[in-house]
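Heads up, the next two complexes both have chain A, just with different partners, chain B and then chain C.
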Partner chain A sequence: MPRPQEVNRSQVLIIGLVLLALMLPWLPFGASTNYILRVLTTAVLYMILALGLNIVPGFTGLLDLGYVGFYGIGAYTSGLLAIHYDLSLWVILPLAALNGALWGILLGAPTLRLTGDYFAIVTFGFSELVVLVLRNELWLTRGPMGLPGISPPSIFGHPLTRDWEFFYLIVFLLAVVFVVVRRMEDSRLGRAWFAIREDEIAAQCCGVNLIRYKVTAFAISASIGAMGGAFYAKWFKFIHPDMFKFWESILILCLIVFGGMGSIWGTMLGALILIPLTEILRAVLPQSLFSARYLIYGLILVLMMRWRPEGLIPFESAQAEKAKQTQKRLTGLVGKE
Partner chain B sequence: MNPILHVKDLSKSFGGLVALQSVDLKAETAQIVGLIGPNGAGKTTLFNCLTGLTPPTQGQIEFRGNPIVPQFSEGRIRLLKASTLLFFILGWVWVPLFYSLFLPRTFFKVELVLLGIFILGMRCLMVRAFVEFKIWAWSLMFVFLLSDLITGLWAMSHWGTSIALVGAGFPFGYVALPWAIVAVPFSLFFMGLLLSRRVRLLYGFRVSPDALCRMGMGRTFQNIRLFFNLSVLDNVKIGFHGQLKSGFWQTLIRGRSQRQEEESAERAALEALRFVDLQHRTFDLASSLAYGEQRWLEIARALVARPHLLLLDEPAAGMNPQESARLMDLIFKIRKMGTTVLIIEHDMKVMMNLADNIFVLDYGEMIAQGSPDEIRDNPRVIEAYLGGGPSTC
Partner chain C sequence: MESLFEQSSLFLQQLVNGITLGGVYALIAVGYTMVYGVIQLINFAHGEIYMLGAFLAYTMVTVLGLPFFAAFALTLVICAVFGILLDLIAYRPLRNAPRLAALITAIGMSIFLQNLALMIWGSQIKSYPREVLPPVFSKAAWTFGEVSLSWLQVFILSVTVVFMILLHLIIHKTRIGTAMRAVSQDKTTSALMGIGVNRVISFTFAIGSAMGGMAGILVGLYYNAIFPTMGYIAGIKAFAAAVLGGIGSVPGAMLGGGVLGIAEVIGAGYISSEYRDGISYAVMIAVILFKPSGLIGRQIGEKV
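Then we have the complex of A and B:
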């Protein structure tokens, strides 16, 4: 156990930020509180999605352009289950995650033998396929009419309606996903993924079964995306095939590239900065320049790629930090003995 | 005693280029075997064939008594694959069919069909948890046979043999039942067998590099292949991957066994690093190491899993004389642990001191074999090295 004086500055900073986030609904923002909460709920949702996507291109090193497909599958699973069976959120979330994982495995098992660009194209095709199915299978998804009337989630019989309640819910989900991803990163599973990312041939010769670990990564990433989608459907109460277009995949990919591919803190930071930024730009820019927000967005990405292509918190420095933590732990152990 | 590695009549050609031509090689337990030859002689290709990275065109490799190259002709393999696929499809088509025939009114309830598939999967996993692959395949067959028989008979006694879905009085049940009994168990039987190493060989699958590593083969690479963005400790821990078992759920729950595994990996990694005298760099990134240190790290990564056979591809390249002397000491120590070492090296001094037995490759052909002294005096070896062109060593 770390003694109190060993708690370093970054830990204090993180705890402070978490407390601030939890107190946020009660800070005096006046009339704009709800707006701020909604923007932040979106940001946290994208943090979850970014954490999920990060597993495939970040940890395993495979470019995945079809992440939004799983997000859509999750959202429609949740919406349909809510409408037809009126299930509770706590049943829907694991079911959506399972469904996401199922499709992840179905897509991944045959295609993960492909390398690089080919795999990216397959995933892109998959996400387009999902949108087409959602749009055309009227009997199941009502197609372009969307899926309205999804009941709000409830906790202990109390239905969630207010913005702060959703905010707390999504922060809780983020905490769960964060713990899951952290545990996997720091384990045999995560090491196998990193090995594949760094050098497939060397990984194979170290006993890592490539297909198996790639499929695992893909399934876990898909199930996290589907969980995000499930929350989104319950939160927005209306879903439509157009919400799951290719652009969303690129957006989430941008978040993790901006934040630092492969580092957990980086991807979260990326989402936390870029998503509210779009909202701020939407509010600041005049109506006539409304679409220019994507221009600014693109500009930021271009500058980022020019000056800091590895992202805000690069993979290497995250790994170096991890090694330092391990060193502290081990030298502490040695000291004790 | 059986040799730990036995290569018989191995050939490999890339298109028209013949890289290896009927190579024979034998390595006994706890021997240091050298492999030399001019540049482009096919030494690294041989290593790649041994570790399963490149499929050989012809020939057989036996590692610890297990064959690791497919043994059948291509046509036969294709036939086997096709028949397996047929059984497999029959088996899985059976699930909805079972519902439509035996439980006719429930066929269009998607939930029930999904439930059926789920139960099917669970049954496979349940049997899998108890026994190893070969027995698994057989037990799957019997479990399915019995439980399907019981379900089918029960359904028929309740709904009769006529089928509401089809409407006619034809007793489909009498057709479906034998089919179910034959197709599903057999498809699963084949699936189960497919997972065993020997049968995979029959089906034309090579033994994959990762399986070979878990069987006890470690290697290093000629051009260093480390996980450069990871710490030295993590690099070595990945080498220990095959020795650990925890999967997704264990990782998620972080139970006691998982934590113990992690600790054992850490201990083994630290020990391996101490063995190659790299412990002072344990917590640095691999990319920050000097070239020589990277070579040591690769050796540590291959050694941490305690392989039976260690393949070293030019380990002394880029090392100064003191370092290569240390390398020789290390290799002797490795042999003392009971590990066989197969080593490619250009540094003749190192090789002559180290090897118990040397094989010489030239243009893909094994031109000589013997103790270092025999090799030194062998006219064909001298010709290969000094003959037509300029010297390469």
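Then we have the complex of A and C:
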């Protein structure tokens, strides 16, 4: 029997958040409304990216340091398709996701056989190679000149220009990604990932095909990252190789470590706290100190691992809650007999 | 005939530069490989110790006005202490935590130290002032036609060789070296045999960090440029060298450093200078994929 009050609580939370997001552009913030919307659009974009990265270290337990490579691949796929073929965003998004997944499989299939440490290093090398290629293949990417003049996305022939339109668009994308990731978490796929994370050898003994599930995780993570990149290119209308450096991977890793690795709500909360915080720092600190902001991210990584490795919203407690419920149901059944 | 001679002398010059660079990579790689040998952790912050070495020596010769060789020696000591502290503060509390946690901590420390240096010394490229260096460094030690070897290169190569031999002697001829080899094989059993495992790990960090800091000074001299992000690329290249030689193996790190240094210089000269850094990454990825045990490393099987 489902317990109606439990289901309602999380549904109420989701509906409340969606309503809040929809109302946000119309709240009386005065002249700073557009600024707040831009910051929040960035935050929601990073929530999507964090949800995507979370699948690899959070669900499957492998450290992926090359996530930003897929973000960059998605952004350039989107930018180049928009400039050369003038495709619509709704064609570009799936194509970028597909391209990300393709590279995810190409990189993952041979490297996921390695142990965790080597995998981390190879993904790092991959993201560096992506930046080198973006910078040096001038015929394709215009290299350090960047790609300017990407057309804005349009919906039913109406081009998006205003900040609240982009905000709605990214909230919609987040909703889609959230539903997909949430459904995967509770599926056969998710259970296999968790089994791999907890104990690879035990999972293998239970018949989990390690390589297949790891590559699937990596490809899905890559496609979400690429989709985020595709949105970013269409939103910012200019992309440059330096936007996709290793630092971004660290930032996204920091978001999920801070929020709670493996926990969907945690990773989203991490992005929602740290990204606006970064913007506040950008406004408050002088330029020279702001460029050293990664000091804080590095410190967060170290301190979280030392004192609270499960993050703000731990994944474990959700699992434990579920186990307790099952326990209750079982004892209830026994009681009836 | 003339052009062939010119070509071969250019090649020889590249080879000489490559070997010098390779020696420095080997010095850094030794730190990675020794730490990996004893605690199976990729110490991402090692590249930052290399960077700190360069900056500490710079500060000592410019601000404190110490003579170059005194600064050189003092930097080695400070870097060694720093390595011990790094292990004590960041890694030791996580010794029994999942490997993912230790790896994330290592990356966090690396990012933290890099940005700390950025705050202290600024992002501008600095160089060792010529007047504080021994004047002989900029003179050519040996020239043959177009090929020349500067005294600085001789200094770098001889320091590298001397310290490599010293390291070999420490590992194979001393009590602490024997203990290191024991710990790298089996920590629990070593502890049961009366080896102070934590003391051995601290010693490993000290040696590795001293060599890393020294490499920082040498590269700072060689390229005449030090900057806070120098440890990031050099660290990865040295890690590539360690992997190439076989991680956990000290002679492997030396061999890997040499091969990588030559491959990089020759590759940049003859294939593509834009992809200079890419060559190391590509070599590293290829080795990890096709021969993860490296050139002379031992096969590491996973224990159940």
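Methods note: the second predicted complex is superposed on the first by the 283 of 337 C-alpha atoms of A that agree within 3 Å, B and C clash if a C-alpha of one lies under 4 Å from a C-alpha of the other, contacts with A are read in each partner's own complex, and residues count from 1 in each chain.
One rule holds for everything that comes next: a contact is a pair of C-beta atoms (placed from the backbone, for glycine too) under 8 Å apart; a residue touches a chain by one contact, two chains touch by 3 or more.
Here the structure is a predicted model, which is why all the values come from computation and not from measurement.
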Partner touching more residues of chain A, whether chain B or chain C: C
Touched partner set for A:Leu132, first chain B, second chain C, both or neither: second
Partner chain in contact with A:Arg306 - chain B first, chain C second, else both or neither: second
Contacts of A:Leu98 with chain B and chain C, given as first, second, both or neither: neither
Which of chain B and chain C A:Ile201 touches, first, second, both or neither: both
Partner chain in contact with A:Leu285 - chain B first, chain C second, else both or neither: neither
Touched partner set for A:Ala109, first chain B, second chain C, both or neither: neither
Partner chain in contact with A:Ile83 - chain B first, chain C second, else both or neither: neither
First (chain B), second (chain C), both or neither touched by A:Phe315: first
First, second, both or neither for A:Thr216, with chain B first and chain C second: first
Common interface positions of chain A, toward chain B and toward chain C: 201
Residues of chain A defined as touching chain C within the complex: 57, 61-63, 65, 110-111, 114-118, 120-122, 124-126, 128-129, 132, 135-136, 201, 246, 250, 253, 257, 288-289, 291-295, 297-302, 305-306, 309
For the chain A and chain B complex, residues of the former touching the latter: 180, 183-184, 187-189, 191-192, 194-195, 198-199, 201-210, 216, 220, 315-316, 319-320, 322-324, 326-327, 330
Contact footprint of chain A on chain C as seen in their complex: 40-42, 90, 93-94, 97-105, 107-116, 118-119, 122-123, 232, 236, 239-240, 243, 274-275, 277-278, 281-282, 284-285, 288-289, 292, 302, 304
In the complex with chain A, residue positions of chain B that touch it: 51, 53, 208-211, 213-214, 218-219, 221, 225-231, 233-234, 237-239, 241-242, 244, 246-248, 251-252, 254, 258, 261-262, 265-266, 270, 282-285, 287, 301, 305
